[in-house]
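Labels for the chains are A, B, C and D, by order of writing; each one numbers its residues from 1.
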Amino acid sequence: MIATAPPSTAESTRTAISRRPFLAVRDARKHYGAVQALRGVDFAIAPGEVVGLVGHNGAGKSTLMNVLAGTVQRTSGDFSVGETAIDAWSPHRAQGRGLRCVFQELSLCGNLTLAENTRVMHRALRGFGWRRRAGDAIRRTLDAIFPGHGIPVGARVADLPIGARQMAEIARAFSVTDEPVRCVILDEPTSALGHEAAEQLLAYIRKAASEGVACILITHRLDEIMAVCDRAVVMVDGQVTAERPIHGLTRAALVGLMGTIEAQHDRSREPTAAPSGAALVVDDPGRGPGDLPIRAMAGDIVGFAGLDGHGQRERLRALYAGGRRGPRPVAYVAGDRGTEGVFALWSIADNLTIRSLDSLRRGGFLSPKAEAELARTWAERLKVKAPSVDTPILSLSGGNQQKVLFARALASDAEVIFLDDPMRGVDVNTKQDVYRLIRSEAAKGRCFIWYTTELEELNNCERLYVFREGRAATMLSGAEIGPSRVLEASFGGGHD
Amino acid sequence: ADGIAKGDTSGKTIAFSNSYAGNSFRQVMIRSFEETGAQAAKDHLIKSTAVVSANNSVTEQASQIQNLILQGYSAIVVLAGSDTALNGVVKDACDAGIVVVAFASGVTEPCAYRVDYDLDSYGKAELDYLAGRLGQGPENLLEIRGAAGDGFDKRLHAGVEKAMKDHPTFKIVNEVYGAWTSTVAQKEVSGVLPSLPKIDGVLTQGGDGYGAAMAFEGAGRPLPIIVMGNRQDELALWKKQHQSNGYETMSLGATPSVSQVAFWVAQQILAGKQVPKFVEVPLLRIDQGDLDAWLAKVPEGGVVNATYDQPLVADIIDANVDHKPLPGVPAPK
Amino acid sequence: MPSVRPSLAPWTYGFIVALAMWIATTAYAGLGSAGATVASALAFGAFSVVVGTGQMLVVASGPGNIDLSVPSVLTLAAYASMTVMHGSDGLILPGLAAALALGAGAGALNYLAITALRLPPIIATLAWSFVFQSLAFNFGGEATLKPPAALAGFTALQVGGLRVMPLAVMALTLVAALALRRTLFGRRLLATGQSERAADLAGVRVGRVRLLAYMLCGAAAALTGFLLSGFTGGAALNMGDAYLLESIAVVVLGGTSVAGGQANAVGIWGAALFFNLMGTMLNTFHLQAGVRFLLTGTLIILIVAIVPRPRAA
Amino acid sequence: MTDATTTDAVLAARRLGLARRPWLRDALGVGLPAVALAAMLAVIMHIRPTAMSYFGFTLLFKLATPLVFAALSQMLVITLGDIDLSNGSFVGLVTCVTALFLADAPVEALLLYVLAVAAYAAFGLLIHVQRLPSIIVTLGMSFIWLGLAVILLPSPGGAAPAWLNAFMNWRPPLLPLPIWIALLAALAGHLVVTHSSYGAVLRGAGANPRAVERAGWSLLGIRAAVYAAAGSLAVLSGLALTGLTTSGDANIAPSYTLLGVGAVILGGGSFTGGAVSPVGTVVGALTLSLAGSLLSFLQVPPTWQIGAQGVILFLVLAGRILVAEKTP
């Protein structure tokens, strides 16, 4: 599946710290008030080296990268780039040294074209003919990383699907005008990429490394680390706890270093014959030829798969909209936490109960007692890590915020729950907790319609619709479900 | 002094550019103009009239006047939202051969005819009346002004300041801005009243007397002599107070029908009458003796109005030419 | 969590500054004026509070939401209710009902223009305000329509030296505060204001919520018009003009976020008292008109600048 | 595997087709107000055929010139996702300064302009550093400008320098002066905001300030520069207005604030930040300026005139259904 071969033994020994590091931090610390995001981190990367950075949610990976990229000022610690000790650092200076960063959240301007976004990063792109030069620069890089990408450089970013945006942002980080690129930090770059694009990226990272560009790759997809990195750095709670060359390291050992034991990867559910008398809770006829009707019973877990952006989310939204008009209560768990999930000004309790307010009224008014009770019950059941349910939601880590969103849906009276790729960027442990919960809720008679871009999650489903070009093209069930069948169906080889 | 000019104006058109229509005074003013215009058209004294109101925006009024020029009106009657800001367009209109009559406003462009009150006499009349009632002892006055930065307010206030020189014992203990609006005046006066000593008289600019009275009432203070401004509610309050405790005051103010004066002045200019560049119009004054007669005539909640017909306006013009006393508006029988 | 800096809630600043102005005014004018000054500020502040409470609901319903038609709805409703009541005490309730219905209808029209024509609220409500104003002109704009004696009596009623109407408006403020915290509508409004998409996906009918916010805002403006014409002796065409900027300013200074999703009903009182007492103070100090404007602007900016903002994202 | 990339490409291309094409959206953004403008002109020409002349156009659009500058000034502020409620009173202040000083004490006048623009930029900085809502800060600013203007010039008066009057009444060849100015302003705005490389950064900063900051730009500097530029355009507006009216008046232009906002919106802009069109804004300003005075041609009964303005506003904006995103 992974196209790039792991680096050879010789290579990885060669890239050990024997060379002068391109950049190095010693005892870097970062405090946010009382929160210690970094507690004395040592980190270095040599030219041409690819370092994989792994760790649970909130471990401090993004913070470390922000410190390196100049977008966050470290509280203390030494920092040097090349030979020079760095005192004050900023994105502008970082770029001057050839250091680029692809951030975890999208950092393109939606109202600008790709060429214009490229201009925003490159000071040299100005004066006469800048637009053409910017377009050329980004097109060249896009072609090099994602051959056959088909993204027009004159397109406005907001008009592009999310996968294309991610590609554009990656390409922008690698694009060259006056300064050569020396080091690129990629913070979860593949979370919105399809498999094909992800592999193209990994291949390109190797190629860039062979040309002397250092790369730092942060991802929760450990296979990617195994495939492309020379060295893995493990962070736990703001500290680097382990550093290992990839050669000779197994995936299980890496997971072990992160302090978690990965659950087994067998099929979690056997296809069960729908219990007779189970109600049909979702019944969507499909949109014309080539589009399968989508049906689900109470107790079903139905998956939506396929390459990102092939109409899964639109269909999910349509089903949800239809469900809201129907007789059965429905709920929706958004994957894009920031803009579609959390209510940023509210506490955990307020966020959790918003979907269940109807049942929390006593004498016409919401009962604070009933609210707190419901919130506590579900926060405990999902093991939300917080001092109390009155904690502001934004002070939770992303994974814990996601749990609150799950709790919102599960605490409600919904019989059908729509999951919109909700595990993006969530760490392995949390995922396993949530999978278990979903299965147990389904056993109690709830129906889940689950769109996901992570193939391993599909193991939880008993039936799967694979989407292609806006239509539910293939249905897989039971033992048919497996990565190869899904990929095949995604690319159009699966049926007919 | 040659009376009504009889030149043929049956083909002429007169437009009225009004700066603001958002209070009842202006609404009556517009209707007065329209009625006179319609009657005059019926009598073949002019061809037609038009009214355009800007929404309290000088720039909008200016561009509306530009359009009136373009439409080729013979005369434009202007109630200007600013004393000077319309000078540019007024000049454009004059250059296009249009007769411009600015009324109830201090337009400074010399090519325009002005029909206006003598605002010095406004302040003088108020203070003279108060002096007559209060004597020349030390008395506390409250002045309610219009809006800051407004030309009418400035000219009237200048009149008050001038007249104050003749009454050195009077003291204006505070001034507030009432925007010629009862509700605003009530609020502003209510706010400062607690900090003020006993008030003996209130100087007003019209539209604000009733609100001032409500403020005194609300504060539980005795009603000082508030110079009223010809609104029905003011006159009714005055009458009620008079009946219960012998309260007396006077009422002074512009009439909405000053638009009719401007209309006839414009018509007379078109008809060939020699008209001075400044035509003074008398203020309408109501004293205790005429109160009942006027109150009977003014509609509930409305403004005291009078009719200015063509002969009366010709008389007014002649009086201005001859520097004679202006013909007053007689109290209704 | 050890919160080191003890900081006051944003909405308290209006009260504090209002208090400071009250003290300054009293120091200048003598102790005897203190009671009357605050009574007058309460009486007039009450109207700003009613308009402001409605505006608050609209502002809280999301970024960019604002109702500029408040002054003309206020005026139009005052005319409509005075016409219905025709000076008769027996018709006060129908008059109130007419005003509220008209206000709610105006709010619905505002919302309709915003969604149907996809206009920013600031433009849609401005355009409607022109239309409403025109309607008021035709409703009898040539005269002030007089209120029934009982309505005028109620708005000026004092019991034991205390005015009743500000107390009634305070009760209304408490109702609004309670509604924001403890009713479905309040919760859903604040959810919608924070993120319309998140609210929609959390099962909130965002369209209905915003419609209701605009209708309540219209109704609040109408109620103000109704009460104000009782208090000031009638419905007049320009009675609403003063409430345009003030309704927005009291909402923002009262601790409601213009970014939406967060509202404070009690703080409006602080801001309304601040505005009235500031006017009184500047008048009392006999300052020249230009200086009054200058200080007004400076004070508004100073207050927003020193108030700590709620942290959003 | 290459199969997959082609699918991706095909899909991306198809989505682009479905999502409204950017150039089409841009064209509509400018086209709609232009259509509204043309329709209004047609009404006027129908009523008064002589209006279709050099003289006619001069009169029709004379007062639009200051509004064009005021609207462009508002547009810059809206580009950053802010709103400027002080625009109109600032123009009023500029007319007072101009009428009082420019003729006799040009150096002092220039100094005052520079100070005023610096103050504008300083308020922009305040908004940025303290993260204040621009709507309330600019509301406060509007009182400050008005207060300063009233202190300077307690009632309307003063006189514009003769050269300024002469320039505003100048009759250039080919097209009337207001049209020339509008064309030049639209062109300059397009070159700077839409076309230049710094304009791209500016629009990006309005839409996603974090992204622009991460790319190494100083948002502080951008905001200060934008507010300073907005102040400078407002100064131009005040100069043009003084030239037309020949005098200063503190209360002359409060309506420019909302008219400017309307022109930006009508020109296809939105409050989301970064989404504005200078050409559209200029056309929008001409349209709204004409809409306010169209009434004088239409013979609308006086009591309905202001209502008719509301209706005209709705009519000219109705085309937004075609271009605007669903959310406000």
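FYI, a residue touches a chain if its C-beta (ideal position, glycine included) is under 8 Å from a C-beta of that chain, and two chains touch if they have at least 3 such contacts.
Owing to the predicted nature of the structure, the values given are computational and were not obtained by experimental measurement.
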Touching chain A and also chain C, the following chains: D
Whole-Å gap separating chain A and chain D, where each centre is the average of the chain's CA atoms: 42
Geometric centre distance via CA averages, chain D-chain B, whole Å: 37
Length of the line joining the C-alpha centres of chain A and chain B, rounded to whole Å: 73
Intercentroid distance (Cα basis), chain D paired with chain C, Å: 30
Chain D, residues touching no fewer than two other chains: 146, 149-150, 154, 303, 305-306, 309
Contacts with 2+ other chains: residues of chain B: 21, 27, 55, 148-149
Pairs of chains in contact (touch as defined earlier), listed by label: A-C, A-D, B-C, B-D, C-D
Residue ranges of chain D touching chain B (in the complex, touch as defined): 47-48, 50-51, 56, 59-60, 62-64, 66-67, 146, 149-150, 153-158, 165, 168, 241, 244-256, 289, 292-297, 299, 302-303, 305-306, 309
Partner chain B, residues of chain C touching it in the complex: 25, 28-30, 32-37, 40-41, 43-44, 130, 133, 137, 141-146, 156, 228, 232-234, 236-239, 241-242, 276, 279-280, 283-284, 286, 289-290, 292-293
In the complex, chain A residues that touch chain C: 34, 320, 324, 330-332, 334, 338-346, 350, 354-355, 357-358, 361, 364-366, 368, 387, 394, 408, 412
Chain B residues touching chain C - in the complex, by the definition given at the top: 21-24, 27-28, 31, 55, 148-149, 174-177, 179, 181-184, 186-188, 190-196, 210-211, 214, 218-219, 231-233, 299-303
Touching residues on chain B, where the partner in the complex is chain D: 15, 18, 21, 27, 30, 34, 50-60, 62-64, 66-72, 82-89, 91-92, 108, 147-151, 153-154
